[in-house]
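Next, two complexes with chain A in common: one pairs it with chain B, the other with chain C.
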Partner chain A sequence: MHRCTGRLLVFLAGAGFVLHPTVRAAEGASLPEHPAFDMHGGGSKPGSWAGGMQAGFPWQAVHLQYGLEDGWTPFVEVSSALLQRNEPSIGLALRWVDRPRVRVTGEVLLGWQVQTGVLAHSGPSMALRVRAAAWVGRRIMPYTAWTTRHTLLIDRTALETASGTETSLTAGPRWDALGVVGVAFVLSPRVGLELGVEYPRTDGSTVTLPGVHLGLQFGGRP
Partner chain B sequence: MRHSWPVIGLLSLLMNACSSEPAELGIYVQGQHLAVVDMHLHPGEWSQIPPDTQAFLASRFPFPLNLIPEIAASVTLSGEGILGEMDKAGIHAGVLFAVYAPQTVGIASNELVGEQVAVDPERLYGLASLRVDRWNTDADLELQRLEEAITTYGMIGVKLAHAHMHFRMDDARYFGIYELAGRLGAPVYLHTGTSPFPGTSREPPYTDPAYLEDAIAQYPETVFILGHLGYDFENHALGTLEHCLRLARDYPNVYLEPSALGSVGSDPESVNLPKVMKAIRDAGLVDRTLYGSDGPQSPGFVNTYLQRTVTAMTASGYTVNEVRAVLADNFTRIFHLPAIQP
Partner chain C sequence: MSSRSRAVLGSTGVRARQWLWALPLLGCSGCNQTIEIYQVELNGAVQATAGSPATGPVSVELFHASSGEGELAHPLEFIEQFQIETPGEFNHTLNYPTTGGDGLVIYAWQDRDGDGVLCALGREVELAGLVEVTPFPVHEVEIDLLMDQPCAGPEAMFPP
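The block that comes next holds the complex of A and B.
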């Protein structure tokens, strides 16, 4: 067995052991309205809100959403890779499949990508994301999310000549994709904890390394 | 630097977390255990690299390391980092290059190389270099420093890159470098072919080793190692390979080193490195060829390049003894070092 896989399984087993006494207290919570379900299955019931934070390598993120009628959920989120590539976005989610134990949601996001450092760039972005989550029993919820993001990178070129400085703007597209699989655990009726693994594809052909994160979900009704 | 040492530690951990257990040194070819020397490795300091080249290098790092290239570089370009990459590849010994090309690829001073070699002097060697950008006034001083690096600090050879350092291969004002190297018994490694780095000279007098012929003929006691075999890194083409082969055939003091040209980025279809290795064998120049990778570049590159080179050799019909010669024995013979036992 690969060492990483072994370590992951050991971690998951450990997490389940640690959570065991706590999750008993969560029994009786309404699964379809749990914030972890709303965050990873996507969307919130009308009048409910949910938030989440994740930290890991390389991504960190915060996400807040509020449920409206007819399956619509607006949200805001900010994600960052190593605090170097930052992507604030607003979005709208629509629940496609909305059953008590299974949820599938489509999301559209509009934002701005700002990367600092040696490879600095910025530009507007649009992303499409599909989320899916399902309960296994009352405590564990595997989930997945797949995102395709298209960014228009804007370059400003200043050419200094004897007659003055000429400035021009050029733009080029860039495509990023991100797949996430993970599992969320119920900590309480209003709080969930999750571990996820990310499979990115960034900057078109750039080779990418997988990521991992821990996240916390919470929510309720105002 | 904005990032703290804990981040560097975390990155080091992550870069090594998924590696296999420390590998046995050496590789197996047709059941025989062979020693390996990588004669082309680059230590360095990120701050000594010009911004355009920093961006070029960062763009070759995998995501997300390309977001924090200075940290990734501090891990991979140190003596410890290079030894880690050598361990993963099973490489017994490596040669670290000093570089003085402040306008293009930056500076890795003789002192820096000496410090990194000292991390494990049983496995690491150094090639010294010198500045040539103020040659009209500083030539004597630079030659003196070069001699000190070799005689006093244990460097075993000289590294030059005309395309990076912006001086012609046939410019006789610089022939004193070859004279000194020959007198000290220090082989000279020369970058040949175009360079992918920003700001380098691309014209033939800086890249085509045919322009070295006068120096090669004039200093028969000096060993000339033609790095990259004249590869055209701009167009991913064989470039002036034929000139390199002819020089090696015509002059016994010319050697060949096929680093970097067969990397995933420079030979995306994996066709050029096999062609080069076959051409070397067909020309009867296996005993003039030394293995090098041009690493570490990015995590895993040193290992990948070794595998690609061995694959290219076996596909070209190299015998085990020929592979053994290229991977280690030619190097120890040319540099007058003890043979390495796998």
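The block that comes next holds the complex of A and C.
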């Protein structure tokens, strides 16, 4: 209960900051290049960078990206569920739709899934993600992101027969999906604040409880 | 893709290739578990008591004699099941999971009416039998299993 109240206060403080006069001066900035747009719409303009951090229940994440030419953006990302399922990844994003107020991006991620606890496992993973974001007015940007992640879980089998022991490796797939819907707010020309809700699907058949998070986005040109 | 993007991605690819030699060293460092299997050749015969029909499939079920530790310890942890067409001789290769428990118990019952259920209500009386393999583990097991207990599940016969 205290945790939820704390998050609500942080959100209200952020929303209040958006309406502050110093923030209104940020409205003159070129909104399509705002870090929140780069993070949630996906991709960065050539030579600019953007980063983001999110904290919530159960998901936390850190993301950092750098824009190349022709719509390509490499990035690194670490996401975690309660620090028990950790997914470090590197990725490459390509902006499919790149309009001043609308952006749609496809991403491919390669990484590792490491889960601790009683259901511990780990394995290499690949994920595909589609992001979409659009400006509503000059300070608010709804966004969505949908990810499908496929992890290879490798086991070693030792077969002891009368003639000796043979070992072999077997691999089984694991599928996780995550849908996120949220809204981002402009705090300053280089900083954004967002609130999002997650709809996860864990290990293929398990529909888990939705999550919620607050995030900060920031960026600029080096 | 522009030449600058290609250059950045290309140099990254070169660096990645420099580390490819490390992949074999990783081996199974990312393995989740080691599954230990002890292969057992089961040979023997399953017979019903005299006077019972010679036909009808026999369901053979294999169990660990005991499994779990402490308060979770229990007998008869199921391993696998197979069928033989009629009572008589059989052979079967069992991949025994050593981490699942200890010992080996073989249970069989004859499905005289072919309904897949041991002694369903209102149907025929069906015979069952059980034998514990001792000593175990061994790779070659010879057994003679007599089905002489009417409508008995494995838990009714083991532990003896």
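Going forward, the second predicted complex is superposed on the first by the 184 of 222 C-alpha atoms of A that agree within 3 Å, B and C clash if a C-alpha of one lies under 4 Å from a C-alpha of the other, contacts with A are read in each partner's own complex, and residues count from 1 in each chain.
In this section, a residue touches a chain if its C-beta (ideal position, glycine included) is under 8 Å from a C-beta of that chain, and two chains touch if they have at least 3 such contacts.
Note that the structure is a prediction, hence the values are computed from the model and not measured.
Engineer: Once the structures are superposed on A, label A:57 by its partner contacts, choosing first (chain B), second (chain C), both or neither.
Structural biologist: first
Engineer: Looking at the overlay, what does A:119 touch: chain B (first), chain C (second), both, or neither?
Structural biologist: It touches chain B, and chain C stays clear.
Engineer: Could you look at A:85 and tell me whether it touches chain B, chain C, both or neither (first, second, both, neither)?
Structural biologist: First partner only.
Engineer: Which partner chains sit in contact with A:209 here, chain B, chain C, both or neither? Use first/second/both/neither.
Structural biologist: It touches chain B, and chain C stays clear.
Engineer: Name, in rising order, each residue of chain A that touches chain B in their complex.
Structural biologist: Residues in contact with chain B: 2-4, 7, 57-58, 81-82, 84-85, 115, 117-119, 200, 202-203, 206-209, 211.
Engineer: Which positions of chain B touch chain A when the two form their complex?
Structural biologist: Those residues of chain B that touch chain A are 10, 14, 17-18, 20, 51, 54-55, 58-59, 62-70.
Engineer: Using the touch definition up top, name the residues of chain A that touch chain C in the complex.
Structural biologist: 68-70, 72, 74, 112, 120-124, 153-162, 169-170
Engineer: In their shared complex, at which residues does chain C touch chain A?
Structural biologist: Touching chain A: residues 1-2, 4-5, 8-9, 12, 28, 30-39, 41, 95, 139-140 of chain C.
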